[in-house]
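Both complexes shown next keep chain A, but they swap its partner, so chain B is in the first and chain C is in the second.
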Partner chain A sequence: MSAPTKSLLQDKSFKLYVQGFVFSLIFTLAAYFFATSNTSGGLLFGITLALFAFGQLLTQLICFLHLDQESKPRYNQMAFIYTALTVFAIVAGSLWIMHNLHYNMKPQDPNIEQKILENEGYEIRQ
Partner chain B sequence: MLGKLNLDALPYDPIAIGGAISLIGGTIGIAALLTYKKRWGWLYKEWLTSLDAKKIGIMYIVVATLMLLRGLMDAAMLRGQTAIASGENSGYLTSDHFQQMFSAHGTIMIFFVAMGLMFGLINLVLPLMLGARDVAFPFLNSVSFWLFFAGMALVNTSLIIGEFSAAGWLAYPPLSGLEYSPGVGVDYWIWSLQIAGIGSLLSGINFITTILKMRAPGMTLMKMPIFAWSVLTSMMLVVTAFPVLTVTLGLLSLDRLLGTNFFTTTLGGDPMMYVNLIWAWGHPEVYILILPAFGIFSEIVATFSRKRLFGYKSMVIALLAIAVLSYIVWLHHFFTMGAGPNVNAFFGIMTMIIAIPTGVKVFNWLFTMYRGSIDFKNPMIWFLGFVMTFTIGGMTGVMMSVPAIDFQMHNSMFLVAHFHNMIIGGVVFGYIAGFIYWFPKIFGFRLHEKLGTYVVGAWLIGFLLAFLPLYILGLKGATRRLDHYDSSLGWQWLFIISAIGVGVILLGVGLQLLQLYVSIKQRHKLRDTNGDPWNGRTLEWSTPSPAPFYNFAKLPSVTHRDEFWERKRSKSKPDASPYEDIELPRNTPDGIIIAGMAGAVGFALIWHIWWLAALGLIGCIVILIRRSIINPGEIIIPAAAIKAYENQLLKRTRS
Partner chain C sequence: MSHTLASTQNSSKVQLGFWIYLMTDCILFATLFAVYAVLRNNTAGGPSASDIFDMPFILVETLLLLASSFTAGIALLAAKKSMISLARKLLIATLVLGVSFLAMELYEFIKMYNEGHSWRESAFLSAYFTLVATHGLHITAGIIWLLVLLPKFFRSKIDSLTISRLTLFSMFWHFLDVVWIFIFTVVYLIGDKTL
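Up next, the complex of A and B:
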């Protein structure tokens, strides 16, 4: 099949890609400068960063993966749900596990390093 | 100019030199043979630049087989070492070299043998089974293969230049951090996996799209052969799990390259986060490998029992259940690292639950065989070997899913025995069986049966000899990665039996190569004349063997799950519609170029040669952009040519 000879700039999806590019840059830079200029941390800080990440996610989904424009059968939708499910499992699971580890080991217990080294089973190389 | 690279990177101790020389010698040997036979042009035109999924599949399998030999040599060296290194005798490997071989063995076997065989087989048969002419994105397929190749090349380069990681196949920090591994070994490990991993991710996308979009008309999802379902679920896991690996390795390399502290305890990092993340990929990876093997066995059992697969629907549900459940069990890989009872209980129970859909499959196979007229051809004999070993492995696995037991067993030889049980008995046996099963379709003749039976025997006996002693050793307290032990422990005889077992496996592999050689010699006698050597059930058997490069002269339409079987049963007439032109993608070297540059980037990052890294990266991007703007187009094979070719095939079949 020969490619359509329309100019790139008239192409609708091309415009969407450019928009996506700009937005993804904005969200990345915003998050970076926000994080570097703000050293206090705290809940609000975390939430703001998460919002930037969410904006980034939407940009990727709409501008690059075209999740909003789909015909039947809804494979994109199914793929999205499956991905969301696994992301949820990994994120929630990791938070739960890491929280639990910290509870039992105290945050950043140096013993954990020793334990991994022992578990990995040989005298440490010089 | 050359970063950290200098002459010290060349090997110096005798065993390392031996490895380097055999690698260089082998490469030069192959190159010389190609030059002597004047085959370079042929190799380039017919194979390296080809976008035909079947050819890409064969290249995957060739690379994976070479890597299997390398992985086996490593394993033999490891077991040889432990067979003699008791008490006074310290064996022939230094501790450091032992750890490197151990890490190389695990890495190569998982990423370049098991994954390679899997992608190879999928490429060979998936389009044929679906009644399609090719995969959805043929060019992407070539890129994937060459990225896989580049990763493989990097691992092997470490034999000659520098060293390989000694931090195990999963490279836990702090061991893999700069403090304990200042050399380039861990960087080789990281970048070869990054590059091969991107290839895997692209393949995953490619095969999912192929299955969803390229099925023959009439083939609904529920009429798809079960192998295609197993590939679909496995690739779902690939596209969701491999990004986790990429990010984890990316963070580790930031720690090593830029001095960040994601996984060090200083400055608030946490090595346990690495362990957590790598297993969030690692557990799904196990199922990525095993699901297609299940699919292969399902096809084999149905074919050789002359019955339709029992419980197709339950099989599909089991596959989908595994695709979800495998994301909520990963903690069982580090039960003992400080998680509390609630967490352990949850993940322990989930692990036991995931055994249920797996058990369902075993029963489905048994019911398929029940009252079937079973034909014990080679693939079926592999299946029997698989059931035997896999059941042992499954039971020891469920044992270890009990956290209390795992506290005894983790990090022991028991664990090593368990997972080799699954991975050899399940994955390797499955892929070998699939290879034998589909071999005639791709090459046009069967493999020698009798020799094949000896091969199964050798693998099975060798496997039992090599790994049953490890269960016992594990119970006695031997740990993983043990390169030397006290003679008073009385372990040596078990290690010697295990080493003998490895020898028997090597014999089996030797027999396999002999089988291939003999079969090629006797190919006229073993010729598959009608394209259906096993009385098959699915569409791939409806084409002549070897399958023509366009797969189907006329795209089939499908009304039944076992379409080809139904056609044979109802003696349906061949499709009499006229031939049509066929479009096929043009060969291209772009895949090789992109992967070559990616490999160069990897090498440059390992040795801190920054200009080369930048150059390679820019090169990759330029080629990709060029490729997406300038479409090289398709070649069109006119209907008349197809007709002539098909008639010729038909004539050969009749004679």
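Up next, the complex of A and C:
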């Protein structure tokens, strides 16, 4: 084995890349087989998939983008955290607002008044 | 290859600038994800996610992109250690994997279009095509970038500017991998399942 090859294989970031690749494969395959074997969905399904995606995200940020190895001042990390916050506001905010709009749409369901009364916690007096 | 302190500081500034561009790109993708998440069940009588997505096909696509992200990272490492021939081989592998990914995505788009499921059919399909094709356009830009970069690795020596450019390219490529992970999860794995 030549000297540069040896120095590459022993490099700390080489090991990190290999670890990252193995972890990302595990997360991808686990998420894939979990999702394709599940047909019903549900909250638990969503949370599990979100956890797999989060694990995958951390793997990529640490092993491939080396975001944790930054020295002070950590401008890259700050930019990332601010972006994560913005992304959360955009996605969660849109879903929330659109859900609320949908809820207040002109009703197509003939029993909608009854349903809204029940959902809003009113008692119906005849 | 020795880096003076000044050039190291300069390259870290360039990397920060590029990182901030990537973060703004992240916000572009976030808006498209928000649109998709809102519209994903508005199929207007057309097909839903589970009707049109071929899951094993998508898994292969994802594995190709993951592998290309890995080869791009190792190529950067090899280039930093002046192992030019190894870096060249790995960059060619990255290119082949990236082009295969793009070809699979285009094949999927064309197949859907020919089956009559274009972006005009429903809000769900409009949002789907916009989100996934925006990622595909970024991949296309990355492939062009790589094609421009690759001739530098057919010389006997590479300069620090090339290393700096390769660093930025690998950041871009890893970033696209991260975005794809979320497309894979949100669009393909969750599909039309209610949460």
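Going forward, the second predicted complex is superposed on the first by the 96 of 126 C-alpha atoms of A that agree within 3 Å, B and C clash if a C-alpha of one lies under 4 Å from a C-alpha of the other, contacts with A are read in each partner's own complex, and residues count from 1 in each chain.
Quick note on the criterion: a contact is a pair of C-beta atoms (placed from the backbone, for glycine too) under 8 Å apart; a residue touches a chain by one contact, two chains touch by 3 or more.
Note that the structure is predicted; figures quoted are calculated from it, not measured.
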Per-residue contact with chain A, leading partner among chain C and chain B: C
Partner chain(s) touched by A:Y32 [first = chain B, second = chain C, both, neither]: second
Contacts of A:L51 with chain B and chain C, given as first, second, both or neither: neither
Which of chain B and chain C A:M98 touches, first, second, both or neither: both
Touching partner for A:F14 - first (chain B), second (chain C), both, neither: second
Chain B versus chain C as contact partner of A:I90, first or second or both or neither: both
Partner chain in contact with A:Y75 - chain B first, chain C second, else both or neither: both
Touched partner set for A:S24, first chain B, second chain C, both or neither: second
Common interface positions of chain A, toward chain B and toward chain C: 75, 79, 82-83, 86, 90, 93-94, 98
Chain A-touching residues of chain C, taken from the complex the two chains share: 15-16, 19-20, 23-24, 26-27, 30-31, 33-35, 37-38, 55, 59, 62-63, 66-67, 69-70, 73-74, 77-78, 81-83, 86, 171, 174-175, 177-178, 181-182, 184-185, 189-190, 193-195
Touching residues on chain B, where the partner in the complex is chain A: 95-96, 99, 166-168, 172-175, 180-181, 208, 212, 236, 240, 244, 265, 268-273, 275-277, 280, 323-324, 327-328, 330-331, 336-340, 342-343, 410-411, 479-483, 631, 633
Residues on chain A engaged by chain C in the complex (per definition of touch): 4-5, 7-8, 11, 13-14, 17, 20-21, 24-25, 28, 31-32, 35-36, 38-43, 45-46, 49-50, 52-53, 56-57, 60-61, 64-65, 75-76, 79-80, 82-83, 86-87, 90-91, 93-95, 98
Residue ranges of chain A touching chain B (in the complex, touch as defined): 2-3, 75, 79, 82-83, 85-86, 89-90, 93-94, 96-98, 100-101, 103-105, 108-110, 112-113, 115-117, 119-125
